[in-house]
Amino acid sequence: MHNTSQTHTFIGFDATYEQAELVLAGAPFDGTTSFRPGTRFAPNQIRLDSYGLETYSPYLDLDLEDYALCDIGDVDLPFGNTSRALSTIQDVAKGIIGAHKKPLFVGGEHLISLPIITELYTKYPELHIIHFDAHTDLREDYLGETLSHATVLRRAWDLLGDGRIYQFGIRSGTREEFNWAKSHLHLNLFDTHSLNTVLPKLQGKPVYLTVDLDVLDPSLFAGTGTPEPGGLTFKELMKAFYLIQNLNFVGADIVELSPHYDPSGVSTAVACKVIREVSLMLCKKTSL
Amino acid sequence: MHNTSQTHTFIGFDATYEQAELVLAGAPFDGTTSFRPGTRFAPNQIRLDSYGLETYSPYLDLDLEDYALCDIGDVDLPFGNTSRALSTIQDVAKGIIGAHKKPLFVGGEHLISLPIITELYTKYPELHIIHFDAHTDLREDYLGETLSHATVLRRAWDLLGDGRIYQFGIRSGTREEFNWAKSHLHLNLFDTHSLNTVLPKLQGKPVYLTVDLDVLDPSLFAGTGTPEPGGLTFKELMKAFYLIQNLNFVGADIVELSPHYDPSGVSTAVACKVIREVSLMLCKKTSL
Amino acid sequence: MHNTSQTHTFIGFDATYEQAELVLAGAPFDGTTSFRPGTRFAPNQIRLDSYGLETYSPYLDLDLEDYALCDIGDVDLPFGNTSRALSTIQDVAKGIIGAHKKPLFVGGEHLISLPIITELYTKYPELHIIHFDAHTDLREDYLGETLSHATVLRRAWDLLGDGRIYQFGIRSGTREEFNWAKSHLHLNLFDTHSLNTVLPKLQGKPVYLTVDLDVLDPSLFAGTGTPEPGGLTFKELMKAFYLIQNLNFVGADIVELSPHYDPSGVSTAVACKVIREVSLMLCKKTSL
Amino acid sequence: MHNTSQTHTFIGFDATYEQAELVLAGAPFDGTTSFRPGTRFAPNQIRLDSYGLETYSPYLDLDLEDYALCDIGDVDLPFGNTSRALSTIQDVAKGIIGAHKKPLFVGGEHLISLPIITELYTKYPELHIIHFDAHTDLREDYLGETLSHATVLRRAWDLLGDGRIYQFGIRSGTREEFNWAKSHLHLNLFDTHSLNTVLPKLQGKPVYLTVDLDVLDPSLFAGTGTPEPGGLTFKELMKAFYLIQNLNFVGADIVELSPHYDPSGVSTAVACKVIREVSLMLCKKTSL
Amino acid sequence: MHNTSQTHTFIGFDATYEQAELVLAGAPFDGTTSFRPGTRFAPNQIRLDSYGLETYSPYLDLDLEDYALCDIGDVDLPFGNTSRALSTIQDVAKGIIGAHKKPLFVGGEHLISLPIITELYTKYPELHIIHFDAHTDLREDYLGETLSHATVLRRAWDLLGDGRIYQFGIRSGTREEFNWAKSHLHLNLFDTHSLNTVLPKLQGKPVYLTVDLDVLDPSLFAGTGTPEPGGLTFKELMKAFYLIQNLNFVGADIVELSPHYDPSGVSTAVACKVIREVSLMLCKKTSL
Amino acid sequence: MHNTSQTHTFIGFDATYEQAELVLAGAPFDGTTSFRPGTRFAPNQIRLDSYGLETYSPYLDLDLEDYALCDIGDVDLPFGNTSRALSTIQDVAKGIIGAHKKPLFVGGEHLISLPIITELYTKYPELHIIHFDAHTDLREDYLGETLSHATVLRRAWDLLGDGRIYQFGIRSGTREEFNWAKSHLHLNLFDTHSLNTVLPKLQGKPVYLTVDLDVLDPSLFAGTGTPEPGGLTFKELMKAFYLIQNLNFVGADIVELSPHYDPSGVSTAVACKVIREVSLMLCKKTSL
């Protein structure tokens, strides 16, 4: 008689929490954003626009309809209290992981990765990170704050240590960040050309995938706080996903869409398609 | 642990269907729109932005929280098939009315009023209509079509006959429409000044309220297909609502928001507030 | 078989040049605009959007379809050469006036009024001007230039002398302009309240009407170079037109729409309706 | 004295209908559009913005000024009546083809291709189709409707049968569509790499070219209903045109620009340039 | 030889700090904004656009050029640390007040009023507040936080106590806020009609003026976080300023412009004009 | 205590004029722009948005902080007087060059290059030009005017003669321009592939670099008057800069950003990054 399902969940995420192998949660937090805030509006806008998307991916030849996926909605975050927001996200992540499901978070700003990584690291001490981004996010602190979108990968390194983080598409940062990176992690400037080389090191390891959507060129992805020209094309990102599709992903996030800077809706359409591809990679059964 | 309620329903509409005295349904139909289509996107955008609204109305001194309200989501409409769309809406209206609840539909274009009026007329043969609009909507046909946003009140007149329709805020139409109106209904050009005069005629009658939001001046309400300068201010509409608040409303609709022509979000905020006020008027207990 | 009429002319302007009593011409000139240029795009955008307009005016109870109206398109103007642009406009005006038709120009910026006024003054030495605007436009020069959108009424005064110019809706200018105005013309600050008082002085006189659309409040009319809050509502402008409708208008212009600052299309819709009303006032047969 | 030619026709289309070898017609129909309607506004916006285009193409080293081209304006379509709209377009196509001219239609949505293909198929039973698009458009029906933008190539296949349709740039569809395509037509996923391989099969055949502009990446072409990241760059499309320029084209269409989703005007500029290139390919004299 | 003055300061604010009687400072803080953040961008955008403003006010018949005004730029605020931000603003306010100059702050969000009021209260224990706003801002806490844009006037009341705060234009809040207000302060619902009545109580008192620009109707002022239809027109605000112009103002702020929600630039133009008027009121010499 | 540096200068340009080796000046002139004016707003918008940029370039591995850079603000230009505007720019250029500093101008439209080139040619009779652009800009005159954005490189050729101008990325012009170019200068159609070939001819020569930002594809750079699809990607431009970084640059300009056509801010972010790279190339010490 009527259709109430449209705005509730991301398209194809219609399993119950109990059935689900993959659980999507929104993390509408943008409290440390320095330039153009607004990523707090991303999860709901993404759900709304996901109904323009096909569930079938011609890139991976997989279909969302073949998996048990659940969208539990947005984490309920307090305003203007960074530490409480992070611990709330961590609680949700803990619940999902404890229930033997894979977590997929949709930001919000990049800092939301930290509590998820923290929780996964507890379960997987050998955790590695694949990080697509325009920015290094490796500062020790940003304007005095150690918990910031600009420091989040440095905080992840605090946990995981040297040689565990693989960055791709990077094209902006301070000279100090680039210098520091040389001895602590793998940083692929501008593109993803080194993926083939480093792939063997990630085989069989538990891998967390964090996609800051501004890794894409702002020609395609204008809807973000700090547009950085010189980024990946969508095809380059799809090709990178194709290469890594058989890794052992234990969780992922997609962050930094700011819908109010996306009047054409193209950035949101991009985010939807990236979420589809990442979901399929997380669900794909692999024999390691 | 998480908050999934945000996008589901209009703010304050958290009763079950069984409890509800008032039932809101979206009717995302814009198939006969001639100028700038897009009202199909209104119900979901309204639900999303309604969370910027207070539930308390200082205009009526009433609060949504004091009533049992249910939002059943959008009617599931076929694309490009006007007659099937209308009969589907009529089925939903019939269900609500049959369950002794009041229907409140959110368009979509103005033609969606017709099946609701048709259904209410069956129950209330003495049905009267209060109609706020910039346009007369009184054409016999529009480009050969008799079912159109431009003919909807004429079709309502086909049912109800002379003297049952009261139009306010009208400022656009053909000369023929204005001439025809003189002998068949009450048409208040430009404003609502005649409300006090006609109010006694409506006392005790079952009244349907249809609000085409373009009755408001496009300075405030730009997000619509055919902006017509010279409309009501928001205060004038609120004053009109104040005057009619104690009538015996048996149903209502709010139509013609086109969110893609509302980049600032102001038109959607206006629609939200109008829905709040109309909901409160429909729920308010009156002794007739 | 096909419809090529849509974009050619303003709606209802379908007479031949020979038949026409009123001739509309576009003057897409914005060479002296200081703040936000772009009025050069107005005439064609207005023609395109005029097809959302009814030909019947409920304000004047007149219909464009009852008059012989011709739209001759845009004057072909050289770029960046103010004096040549003005003389080209003057030639077109001369042709129209010489053919015993009334000219109606659509700008472009306000400076385009000058050549039309100059030409009409030759025919009507008793020419008076009614001027709706946010700005006085009475500077002796602007950044050293004597021919500017900011000096155009001062240049008209050079021709016509004291007591011939009546300004309404003015709310922005230098202190010097306001002081100078006191002894040379009629300036109605903020609104049109003095219209009733001055109307007798204009009876029987040949009157030129120049409407700078920024006389309207920027809430309604954002699509202009220099938005000045505190302007007229559309109803106030319509009421003013109603008062002056029986004057002996010999020509008119409507200027300063800048369509690229009008993403919602509301400003263009306003311009269309003002053109309709002014056209009807110019055509209306009056017995003086 | 004045310039009325600006808005009438696409730039360089200044021949009379009698002289013309190529006839452009607008088909402003978007009645089956499911996501974001508005392609009805494309033809007129394209004409207006075409005056920012040079008539000379450095890609093909040809100039529109060397050919006899006529723009007959928009087909006059009824609102909300798909079958009448299609038959009206077919009548216009029949007239052009019957006069031994080549038809070039500017949409409107993709369904407008069907009546043109139908008419050309009558004249050329060996008709082949080159189809640039993001979407397969191969559904048997869409939400129960067999005539839809999402089924148009399937309907063309109903006429032409296996092996006649060549699709390029495809990147979105259901799994069923992709599977069906394998045994019925040539589908080049993502890009145009197979063009060189298939070109010999098209030599000497009468070829219809249908360009759904969303084949281009939404980074460049955001102004469309369903943006699909991962599309062609403009250079890739130009290179494909270069390869096919000497085929025997008997007609073409360019569809799916939605100007209200193109605030920057870039999508419209793209559409203009594609129309120039396609016009030149259709006019180029080839010795097969 | 070159002009570097354009972007530095608000127009007409060209005195040195030492000369100045009035000191303008930007407070680009939006850390507690709940709905649509972005007021952090207001001060610089206002400075840029102020060059479209005349220095002369026809409302007050005063000119910025007659006063010694200094714009010291933006307070340098840490990101995401509300208490440090507030104490930094308070330090700047203290410096200005201690130098016997009047402070005029441009927000940023409304919470920035609190440190300025705190500092002025130290100097003027009899401080009264005139508050123009759409919202009461009287919550005890907002989502658990006591320092918020939604609590700022309640915090001011904590300092000043009953009977010192006069609110105008209020039209949104919880039922609790409206009830609380009745016994603690003067709240003028919807408009400013009570100004004449309360004016005598403010004569001779030190008055702080805080203007939340969303007191204006969103038809005119769309560029704000929470648009509330039913607000003041610009003329109504100017009339209110005219009535209070001779009070003894000891400081003021203008807050809540969010320029990224103001694509037309109208909201910023409004903010500029309000700043001009408030500056003139603060500088006007009055005999109390 | 407060931060006034934000809007004054481009980021990292904090040296005094006396210290500076490179001097940036804005030239906000767009008087001959034919299609969409507005480049006059570019310099100030660029300064404002440059604070989202890092000073370190990973492309050149250089940092603005290592050089003495001064931003002297905008040249103070008269409105609507092309010859006076050009001579004013020339005076500023002369001053900078006379003080043995390198000039970097930020437009404004492309015509502003002419006075700078004229002045540098006086000092360097062997001056060569590298020109990135979508358009040839080689017309003898444009609509009768010899000084135009469409003729600027032809005027430069008048000075320098054959073989001194190297154009890259060109994709739009009249057939006559392309033909003329063949015998007078180096024109690289569509891309920069010939850079390696021509580089030896430029070694040791004084080189002026003029970057019309519309050389970039409008997918990335929509904020310009005449968008021309088929342009360079940002990476292609960076690669070209990498190749030419060691030439002997004696001055440069970056022109044709029109911020009002850049609602997303991406075009302005692109302009900022190009200015950073060009600044670093001009400052880099090279041994010739």
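As written, the chain order gives the labels A, B, C, D, E and F, with residue 1 at the start of each chain.
The rule we apply is simple: a contact is a pair of C-beta atoms (placed from the backbone, for glycine too) under 8 Å apart; a residue touches a chain by one contact, two chains touch by 3 or more.
Computed from a predicted model, the values in this text were never measured in an experiment.
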Pair sharing more residue contacts (C-beta pairs) when E-F is set against C-F: E-F
Averaged-CA centre spacing for the pair subunit F and subunit A, given as whole angstrom: 38
Where subunit A and subunit C are represented by their mean Cα positions, the distance between them in whole Å: 56
Sequence positions of subunit B contacting 2 or more other chains: 36, 217, 219-220, 261, 263
Chain pairs in mutual contact under the definition given at the outset: A-B, A-D, A-E, A-F, B-C, B-D, B-E, C-D, C-E, C-F, D-F, E-F
Complex interface listing, subunit A residues touching subunit F: 35-36, 170-175, 178, 189-190, 217-220, 222-223, 226-230, 261-263
Subunit A residues within the subunit D interface of the complex: 52, 54, 56, 58-59, 63, 217, 219-220, 233-235, 238, 263-266, 269-270, 273
Complex interface listing, subunit F residues touching subunit C: 30-32, 34, 36-38, 78-82, 142-145, 148, 260-261
For the subunit D and subunit C complex, residues of the former touching the latter: 1-8, 25, 44-45, 47-48, 72-76, 91-92, 95, 263
